[in-house]
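Each of the next two complexes has subunit A plus one more chain, namely subunit B in the first and subunit C in the second.
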Partner chain A sequence: MEEREYRSASGAPIALRRRQYSASCRELVVRCPRLQLRSLSAATSAVWLAAYGLFVLCENSMVLSAAIFITLIGLIIYLHFVKIDHESLLVIGSLGIQVTSSYASGKESTTFIEMGHVKDVVINEAIHMQKVIYYLCILLQDPGDPQGVSEVVPLFQSSKPRLDCLIEVYKSCQEILEQRKTAPQPS
Partner chain B sequence: MVLKVFFPSCCSSAESGILIGRWISEQNSAVVLAVVHFPFIPVQVKQYLSEVQRLTKVSFSVLGSWSNSKQEKEESLSEFLEDLGTIFSHEPWIQISKEGDSKFWSCSTLQKHSNNSKEEEIVLVYYDQRKVMLSHLHPPLDTATSADHKADDASKLSAIFNTVAKSKILFMTDRYDEGPIKLTHWQSDGVEASIIVELMKQASVPACMLLTFLISLISGICRSRVLKFWPLSFLWSKLSTCEQLGHRLQHLQVISSIKKAQNQTQLMRKANVFVSLLIDVALGILLMSWLYRKNRIGHLADTLIPVADHIAEELQDLLQWLMGAPAGLKMNRALDQVLGRFFLYHIHLWISYIHLMSPFIEMILWYVGLSACLGLTVALCILSDIIALLTFHIYCFYVYGARLYCLKIYGLSSLWRLFRGKKWNVLRQRVDSCSYDLDQLFIGTLLFTILLFLLPTTALYYLVFTLLRLLVVIVQGLIHLLVDLIDSLPLYSIILRLCRSYRLAAGVKFRVLEQQDGKPLRLLMQINPLSYASVVQTYRLPTYSCYPKDSWTSLCKKLFLGELIYPWKHKGEKQD
Partner chain C sequence: ENSPAPLPERAIYGFALFLGSWFGFMLYLIWAYVPETWLFSLGLTYWPQKYWAVALPAYLLVAIGIGYILLFGINMMSTAPLNSTHTITDNYAKKQQQKKFQEEAIPALGDIPISEVNRMFFLPEK
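Presenting the complex of A and B:
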């Protein structure tokens, strides 16, 4: 198991952890930048200042309790549905590829793609806002057309690692994917 | 190629024996379903397997041996287990052994006929047998719709799920049965069943027959010739309550059919309809008890007449305003007065009619309110119908205004063509040039001028009444949307997803367990449940939903030309 520091596309620090369980099973975990205390306090202070301003205007103390309520609910929703803590890729040769996103509240959302549906794992370029970024994606096989691609599944969408990190992940995946090409056909 | 062994977690503590299950050669994977314990006679085991295979159409075989020894590994036992491999010939013969309470088992395979001398990697995947057996795999929607999918192209996981699901017969024998074969699987401690479920299953057949008989009686009455005479049939088609009742009757027919559901979709549909009906009726009875307590329905009936009066008064005020100088616009006085007086007289008739009906309103409402026990949707439909009846005069005014405006527009367009020297050719369906006589031109131009200057007055009346009519239509549309929502929501599926989420599977997820060097890779396969949005989308009940008939542009065009609009179209209605 090894862990290395990299940078995301927007400059925030991220970490890549690689773990090899066996010859055909590898797990790659990218840890996203953590929630910053200063942005959290800035948001909370802004909401409370606005609520206090409203309270001064309309003399209703319900505004203050409503502001606290909104802050709490907003924070819970943000941690449970929006903020991703780490994204992982588990490649099990001969079974499939599993993509997991873990949220800050502990919730995990998993997708498993069988090896028979996976055509290849590639690095693509995309125009995102005003930048051109690289992203890793899984190409899914079209059942009707062996040369065609039916779907593109992008990976690491919220951590957006830069090319150096993506190359490491790409090399690890390709080592396992090559095994299925060189493996002898089952009798 | 990697060999995958799917091992049920309930057999982890079983005594030594042989493994039976299914070997899927295309995927090089073995699905272990049960462990047969010593002592056994090989011939009887083979007989039992062939019988199970005949009943379930799944190819069973003996896959290998399982040894669970509390002490150190015994040489004689391992040789005995290898010899078993020659009795039950299976390629490859899998040997799994567990020592003491160790988590890490050793797995090896014996290949007699293969040329491959390399030791192939073994992956041990644990699965929860009961959950996999009960769950239903939902393929992603795009693969489900492609019809030319061959069976072997289908998901590899679904093969595993199907194998476990179809082997229910294997799980029926528990360890207390007197038989030659002693098995261990998830039900080997005794077949589980619930008394309530069994009783309900027994009682459901006669209940269904009774219900079918009653429904056929009711539908026979509904279809009788007496109710099909013209005024009545027109009335039934206009009232939305009758449609909703017909829809619910259809649902009852679905539930009460005696035929067992063929597949998962039909079973879920039946269950959803049943739960939806139950909740609907429960909410309706709740509403009814709330309405009849403290005589609220009497109060409602008492306020109905004053509300209708109030609406009529507001309309009168509106017409007085239109007859004056509305919004500062100058109307043609004569036409204004004629139209205004005509509509005022109409309102006067309406008010007298309402006052005539007022003594009977309370009684009618009391009895109509009783029908809320048929369901909340029926109560909402009755509300929508009452609104339609109370605002009938607004509908009438809209029709008068629209017809007048429409006539005017057509007249204007035809005379405008005459003004330019053209004519509409009905035969060729196009505009042709035409030479008119002088007197035709003279009269035509005169009429055109008159109609043109009278246009603003009619247009204003048309605008006002169309807006009122649209308001009523929007209110009715919202009520129908709510009824639709209650009708089509698959409550049973949502509750199932909440409480027994493994029953509705979108896929699987793997977790890597603790590893040890030299031992095979250990994975835990868990069920990944379907998201709530996909549950609602997959199991939505079909409704006779009303949706807008026209797109926005055609609606605007119709409004501009003065054609009557019927904005909601019901599914199953013929297109006019």
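Presenting the complex of A and C:
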């Protein structure tokens, strides 16, 4: 098991941890940048200053209590639904690929794709919000039509690692996916 | 045949447009500045309200400003999302035929599948 530091597409530090469970099973975990104290303080101060300005204008003290509630509830919603703590990719040769996102509140959201549907794991480039980014994605195929790509599943969407980290993940996945060709196909 | 060089016909078109635009501008100034009573006394009673002499330029300027933002937004909306197959392939690439490889000839132009491109770029050890 090893852990290395990389950078995300926006420059924030992220970490990639690789674990090899067996010859055909690997887990790759990308830890996203943590919630910064300064951005949290900035957001809270902005909301409270705006609420105090409103209070000075309309002399109603409910505005201040409402601002406190909004800040608390907003923070809880953000941690539970938006802020992702780490994203992991578990590749089990001949079984499938499992993609997990863990939110900062502890909630985990998992997707499993069976190996029959996986065509390949590739690094694709696309335009995203006035930038061209590299991102890792799983190409899915219809079991009946092995030549065509039926769907594209992008991975590591919120940590957005840069190309050096993606190449490491890509090489690890390809080592396991290559075993598919040499292993006997189940009927 | 399609050169941008000056031609007699183009000179005539240009002059006609020049005269027409000066005439239109003078008409607009007359409509905007000449008092209504004077226009009525000349018999021109059915011209639009002078309100529009100010409103139309204002509408036009706001429309141009919104047009910049709208075009930017339309561009962003038509960009393929990250999970669409349009970032990988398209109809022409799906229907392409593989030409046979001939010795000493330039290989035919074609779309290389993304798996192969990835293997070539990222797999070989230096």
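Keep in mind that, in the parts below, the second predicted complex is superposed on the first by the 182 of 187 C-alpha atoms of A that agree within 3 Å, B and C clash if a C-alpha of one lies under 4 Å from a C-alpha of the other, contacts with A are read in each partner's own complex, and residues count from 1 in each chain.
Here is the rule we go by: a residue touches a chain if its C-beta (ideal position, glycine included) is under 8 Å from a C-beta of that chain, and two chains touch if they have at least 3 such contacts.
Predicted, not measured: the structure shown is a model, and the values here were computed from it.
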Taking subunit A as the common reference for superposition, should the pair subunit B and subunit C be classed as clashing or as fitting?
fit
Which of the two partners, first being subunit B and second being subunit C, lies in contact with A:111: first, second, both, or neither?
first
Please indicate which partner A:80 is in contact with in the superposed arrangement: first for subunit B, second for subunit C, both, or neither.
neither
In the superposed arrangement, does A:34 touch subunit B (first), subunit C (second), both or neither?
neither
Kindly classify A:126 by the partners it touches after superposition: subunit B alone (first), subunit C alone (second), both, or neither?
second
I'd like to know which partner A:21 touches here: subunit B for first, subunit C for second, both or neither.
first
For subunit A as apex, the angle formed with subunit B and subunit C - C-alpha centres, to the nearest 10 degrees:
80
For A:4 in the superposed arrangement: first (subunit B), second (subunit C), both or neither?
neither
Give, as a whole number of angstrom, the minimum Cα separation of subunit B and subunit C in the superposed three-chain arrangement.
15
Subunit B and subunit C footprints on subunit A meet at residues 150-151
Which stretch or stretches of subunit A touch subunit C in the complex?
119-120, 122-124, 126-129, 135, 137, 139, 148-154, 157, 167, 170-171, 174
Seen from subunit B, its contact residues with subunit A in the complex are 1-2, 4, 25-28, 91, 114, 116, 121, 123, 125, 142-143, 146, 148-149, 153, 155-157, 507-510, 512, 515, 521, 523, 528
Complex contact set, residues of subunit A against subunit B
21-25, 27, 90, 92-95, 98, 100, 110-112, 114, 116, 143-144, 150-151, 183-187
Enumerate the contact residues on subunit C facing subunit A in the complex.
76, 79-80, 82-85, 87-89, 94, 114-115, 118-119, 122-123
